[in-house]
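Take this structure first; my questions come after.
Order of writing sets the labels: A, B and C. Residues in every chain begin at 1.
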């Protein structure tokens, strides 16, 4: 009984993904039929056309997300240390939570003026900075809990054993922080990878990342390409989480 | 030296844009900035308060967020109580993570393909003879009650909450608490209602509230699955901002300001009351 | 060996150390007894260079070291927790200080193997810290400090987290190695018996002030140390 219910539930959760896959392989799907009228690999082949805009969007998205995740993770990791040990720790943390809870698109609306003034509106540079403004505070939130008494004691121990701060960082802190760095990188990657509102506003629709592509296809009522690009958005995080679940799941109350 | 540099980087990326953005929005709404900046005026604020669109939008957003979170919490609680072990090993322990890899845009698209008039559910009811045509299938997307929006948000939130609850279940040693309650003579139903559910909800209150705030400000899902009126707060702000009627722009900033002040106040209060800011 | 003159330290409005002065000869162990919050840890951290004193002077072999960084002092501070590096095995934990000093590999190998044998941990060389018992971890922690020949060893309740039996065997072990390696040490504890057992001399710390006793007898006689009430307690059950 419970076993049957388990499989039913798993099937229900997988239903949307199968539906998207079927759609991306369909050549037509008129109303009452439960399955597509005919199959085709044509939508998928568009991905590999060199001058095709879909493939370009995919590469652009990967590039933007890798950049945002790298900069946010490295600077978030390093600066969260000062924040964690600061007497104003609580104040800084509340500030870090601000961009995290605000709707990115509303936040973008308020700061768009400054991007226009700096000539960054409609440019990839503006999108990178805009996404960084969202991802970086989140990296600080993720990393600050890592700097606890234990890590601090280890740093001090290395010092009394004769190691410099640089050696303490290289030989002890960095190896101990691999896990948190990976989680942080992946979370920031996802923020950028999933981001739509801010990207479309600050990029003025010109920086065509994958989420913008999905929206465009939906608007053009091209549901087959919309389904295909949805799959492309879902696939990379899904593959990573298959290898390690904790990358995707992270409690909001990181502490 | 590094410390000063690090803190400066933090202030530059976190505090400066937020402060600048809020100040700009305030100036714009008072007629002191932008194309319409002809000097100080309270006219825009007065017209926003007179119109009532903002309050309807805020109320609607709160309704959507409350409904979505209640549904997601109920579903997650029910599954943790009834099927906990199934999520710890076997197929569900993998599958439950997949929905977390769906962006909001895709979730909205999926809901459309499932609930729309030509969607999968409509085809199934037709095949079963429950509906006679496309038209006789009820409006589940772009509908008045926001069913499509609530459906999408609940589906995105419930796996997250479920995993959160599973973690708390272990961390708070609920299994042992349940055994104590049993030896004291409590039945299964009583334990679920009076011990398990309250502990899970209370321990995760801050996380649930933060998720509530996310739903409140969500953009892509109501953009695709919502109606012309009422609109959720983010959609309303951007629509007003992008209208050709220039008088709408100051109103967009006023709405954004009201939203930001409400959300940030709620966040600060809940953070201060939760354990998040405490040192470990 | 080490001499402190009128050390003062405040945290905000709280006077953590008040006019602390004492001397410690070479190869001598000073036990410092005191309740939690009496300033013992702060004193050790100031000696190690991890905190700085507001006033006063610290001399090591006659040289003022107040301005020296922890790295230069050659004073190792050990915590209650063993704090082994979790990403390194036992061998590499012991070798850590030598590798920092760029000691050639064959020499590191020889020194670590010798230390492993002395600690009775030769079998555990390639184990990771989480595979060790509490007492074994604490031994590695001592070995990691001893191997670099520190001038002074500062021990902050090193056995606080151990169970009673392990604790007494570790006390005997530490006594043995400090004789063998001719260690100069300050041993902080809140356990009366342990203080008497480990120290050549005894100090008592209350509210930031440190009293050093001329002899163990003087320490036991002082009613404030509560040694007397302890004796009275056990007398009640005699014969």
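Just so it is clear, a residue touches a chain if its C-beta (ideal position, glycine included) is under 8 Å from a C-beta of that chain, and two chains touch if they have at least 3 such contacts.
Note that the structure is predicted; figures quoted are calculated from it, not measured.
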Middle chain, criterion being Cα centroid separation: A
Two chains sharing the most C-beta contacts: A-B
Distance between the centres, which are taken as Cα means, of chain C and chain A, whole angstrom: 48
Centre distance in Å when chain A and chain B are each reduced to the mean of their C-alpha atoms: 18
Chain centre separation in whole Å, for chain C relative to chain B (CA means): 54
Sites on chain A touched by chain B in the complex: 2, 5-7, 9-10, 13-17, 19-20, 23, 31-34, 75, 78-79, 81-83, 86, 89-90, 92-99, 101-107, 109-111, 113-114, 132-133, 136-137, 140, 145, 148-149, 193-194, 196-197, 201, 211, 214-215, 218, 223, 226-227, 230, 233-234, 237-238, 241-242, 245, 248-249, 251-255
Contacting residues of chain B [partner chain A, same complex]: 2-3, 6-7, 9-10, 13-15, 17-18, 20-22, 24-25, 33-34, 79, 83, 86, 90-92, 94-106, 109-110, 112-114, 118, 120, 123-124, 126-127, 134, 159-160, 163-164, 167, 204, 206-207, 210-211, 213-214, 216-220, 224, 233-234, 237-238, 241, 252-253, 256, 259-260, 263-264, 267-268, 271, 274-280
Chain A to chain C touching residues, read off their complex: 150, 153-154, 156-164, 167, 171-172, 175-176
Chain A-facing residues of chain C, complex: 45, 48-50, 69-71, 73-79, 81, 83, 85-87, 96-97, 100-101, 144-145, 148
